[in-house]
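Heads up, there are several structures right after this.
In what follows, subunit A forms one complex with subunit B and a second complex with subunit C.
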Partner chain A sequence: MIKKYWNIYKVFWRTSLARELEFRANFLAKIGINIIWIGFYVISVAILFNNTASIGTWTKGDVYILAAFFTFVEAIAYTIFVRNTQEIAEMIRNGNFDGILLRPVNTQFLASLRFVSFDELGTLIGSLAMFIYGLSQSHASINFRQILLALAFVGIGLIIFYCFAMTITIMVFWFIKLDNIRVLMTSTLQLVRFPADVLPTVIRRILVVVLPISFISTIPTQALLGRNIEPWAGVGVIISLSLFIGVKLFWDYALKAYSSASS
Partner chain B sequence: MDTIINIKNLTKIYRTRKKLPGIGGALKGLFSRQYTETKAVDNISLTVEQGELVGFLGPNGAGKTTTLKMLSGILYPTNGDINVLGFNPTKRPIELRKQFALVMGNKQQLWWDLPARESFILLQALYEVPEEKFNSRLKEMAKLLDVEKLLDKQVRNLSLGERMKLELIAALLHDPKVIFLDEPTLGLDVVAQQKLREFIRHYNQQYKTTILLTSHYMEDIKALCKRVVIIDKGKIVYDGDINKLSSEQSETKTIKATFGQTIKPIALKKYGNIRSLSNQVFEIDIPKSKLQSRLSRLLKDFDVTDLTITETDIADVLRQLFTH
Partner chain C sequence: MWQKILALFSINLQGNLIYKANAFLWMLTDAVPAIFMPLVWLASYQGRANIAGFTPSLMVTYYLAVFIINNVVGSGIFDEVARDVREGQLAKHLIRPISYLSTCYFSNISWRIVRLFMSLPLIVIGFVVWHNYLSLDNLNLGIWFWLALLLAHFLNFTISYTIGSLALILVETSSFFSIYFFFNFLLSGQIAPLAMFPSGLITLATYMPFRYILSFPLEILTGQLSTSGIISGLIIGMIWLGVVTLACKLVWNKGLKSDFAVGI
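Up next, the complex of A and B:
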């Protein structure tokens, strides 16, 4: 079973890459543009820290690591599923979603993972560069356990991102057009650009257990640098995993509604 | 022989929102919505045996596509039972999805920017087709449809006819036991239509695959199907041998008469519906009940040198049926 899906997933990568390479100039331009965006961010952080040595307990190196985490999670999310969730909305609108329903594999797997987007390759390279630079500037001592914990939280962050993107997409089954809500999601996610502990406590807690986007940047950074991790993070992990199951149930429910309503 | 498709008392009712005209109507619609119900499929029953190639006919909006979509599990029926290959498509079991194919002439499944071969490889993975079988089937079908050279060309660079052939291969790669073909020849020229038709016939005979075909081109149906099911306003109005359709359902017979002299069409109007083939040869559709009397009058009034009586053409019979 897992082998079957793994084989299919490898073919998704293969076809997506073949398609990407059809448009070589576009591909290279996108990498360039992403690196420039990261460059802007790096410069603005550098200017900020020219005037002060730290913000709260965060030094310049720490902030670069934080930025590396959220650009990394965002880039991975765009690579593996964000574009698919937008595509699902489009397919529901034009009726091509029927074709997805016919394939003999899990429909959610196929619909949300079938295109791999290489648009964010530049961002990935940029986030890696920021990460290395941030580490070189940071005074924290890092051990293997901290790295593993940070990676586990990045995984949770990705699951949360997936749940958000899918929830909005699933609503399209009923409302057809929801572009504005998608904008709301993108703006909400901007919050992860700041270390959560500079925010008021109430908002901090909300970002761990209600809208658990702290898992996208703050918490992995705290884990990696051996700092105190956001309170309630354990609850947040359980909530995030439940959210994932919730999204699956919501999806199944939406498919039923789609099949009994659409023409 | 095995029954492949079994439909009992199938009904589908669509509920659509009523839109009131104008801005006032649109605003009203934001708060209170009114719905109308449309019966797309109305209590139909049907069985199809293994290896049959059944033509599904009907005007636009008759319920053909809705029925095919319910058979595929895309739509849930409002009422009634469906069984395809022993499964209930409404539950969309993966085992069933592996064994059938739905081809829609107006939808495409091939990746637009890639050569068809890439899409085929993706389908191979999705349907778990073993490498050897995949290669031999692809080779065979590509040869039959004469598209071997097109497999590695980007789909966006192909003509509609070429693309449709590749779409058909894509749908058949996994060796489905049942195929639903919804308007496969839509928009194709006569040569491409002919080629596709030949392929479908050959495929049905070779593999004993059960095929349900809808088409607006009577030529498709006449060339391929022994049995036709005619559906109108959601109801089955005829289910049987295509060759008996005219004799059983037509209200008219068609006579072809050659006259000794030039005739003005207007002079023949009172005998029935006329089509002039030349100014001496005419086809006339005469109601069956009045055939004898009108024919004897025609022979008395005119100098008829040749006369044949045939069944009215199927396309005309359908027109009679649907305009009732």
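Up next, the complex of A and C:
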């Protein structure tokens, strides 16, 4: 069963890569745009630290590591599922979603993972560069356990991102036109761009347990640098995993409500 | 003449109201920095009374003012112009008894008014959240500020319109937009007051147009400029307005001569 799905997933990568390589110039242009976006962030941080030695207890190196985490999570999310969630909305609108329902594999798997997007390759490279620079500036001692913990939290961050994107998408089953809500996702994600410490306590806790996007940047950085991890992070992990199951149930429920646009 | 203007105005206003949900959400995106950036800075004072002359109170005021002023004088018309050119809608406008430029201008103005009204709840939230920090009595709301604001309005619109018009002579404009955004973001004072920048960048910003589309009125508002600084700023800004207007004329002359009218 797992092997079958793994093989199918490999095919998704192969076909997506083949498609991408047809438009090579476009591909390079996209990398350029990625780097400009990272440039925006790097400049903001550089200006901040031109005027201060630290934001709260976070030094320049720490902030770059944090930036590396959120750009990494966002880039991976865009690579493996964000574009698919946009496609789902489109397919529901024009009726092509019927074709997905007919295939003999899990619908959620197929619909949310089938296109692999290589648009964010430049972001990944930028993220790596910021990570290396951040580490070289940071004085934290890092051991293997801290790395593993940080990676585990990054995984949780990705799961939350997936749940977030899918919940918005699933609502399209009822409200056919809902692109707008996606903008809301973009604005909310701006909150992970700086350490959660700067936020008032109430909002800080909300971002751990209600809308646990702190797992995208602040928490993995804290874990990697061996700092105190956000209070209630354990609860946040449980909530995130439950959200994942919740999204699956919501998806199944939505499929029952689906009344094709084409037939 | 006035009838034409009023008609254009009301058509655009109605059009804009249809997309209000969309617009409101985009505005939320702009509002996040107004709340969030002061928080980041406040965590950076570490007991200091000011950073580059900015007290915590001034810093908060600055970001709130960025949000409000951006709503009033910003312009996203380049998107509309580029789309009209690409999709062949421009031809339709060219045969109308009112110039395309005026159509765009009033579309922009009516949109700004809608935006300002829609942003009111967000502005109120900003005032409530930051009421401990805001000190409005020190703000300089004299004639210079309004002049600078007017200049910012025209410069924003003209630059935006010209950049959109580039679609007449370039096939691919999106990378050009990105470059514009980059400099706009960097040198207009959006991310941080220009006073926070390294001195080389401050000098660069003084002679580039971007300062005059946002930062300049803000600097007057927050009392950072002497009268001579204000006057030289107004002059540089006006020169840029002239330069961009000329560039726009060139783009249109060249663009209309060459083959276009996609979609006919």
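One rule holds for everything that comes next: the second predicted complex is superposed on the first by the 258 of 263 C-alpha atoms of A that agree within 3 Å, B and C clash if a C-alpha of one lies under 4 Å from a C-alpha of the other, contacts with A are read in each partner's own complex, and residues count from 1 in each chain.
As a convention for this text, a residue touches a chain if its C-beta (ideal position, glycine included) is under 8 Å from a C-beta of that chain, and two chains touch if they have at least 3 such contacts.
None of the values given here were measured: they were computed from a predicted structure.
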Taking the superposition as given, does A:Gly234 touch the first partner, subunit B, the second, subunit C, both, or neither? neither
If we overlay the two complexes on their shared chain A, which of subunit B and subunit C does A:Gly39 touch? Say first, second, both or neither. second
State whether A:Ser54 touches subunit B only (first), subunit C only (second), both chains, or neither. second
Within the complex, subunit A is touched by subunit B residues 14-16, 40, 66, 69, 72-76, 90, 92, 94-95, 97-98, 102, 107, 109, 111, 113-114, 118-119, 121-122, 125-128, 154
Looking at the complex, which residues from subunit A come into contact with subunit B? 4, 7-8, 10-12, 14-15, 18-19, 22-23, 95-96, 98-99, 101-105, 110, 256, 259-263
For subunit C, which residues are in contact with subunit A within the complex? 21-22, 25-26, 28-29, 31-33, 36, 39-46, 51-52, 175, 178-179, 181-182, 185-186, 191-192, 196-198
Touching subunit C in the complex, subunit A uses residues 29, 32-33, 36, 39-40, 43-44, 47-48, 50-56, 179-181, 183-184, 186-187, 190-191, 194, 197-199
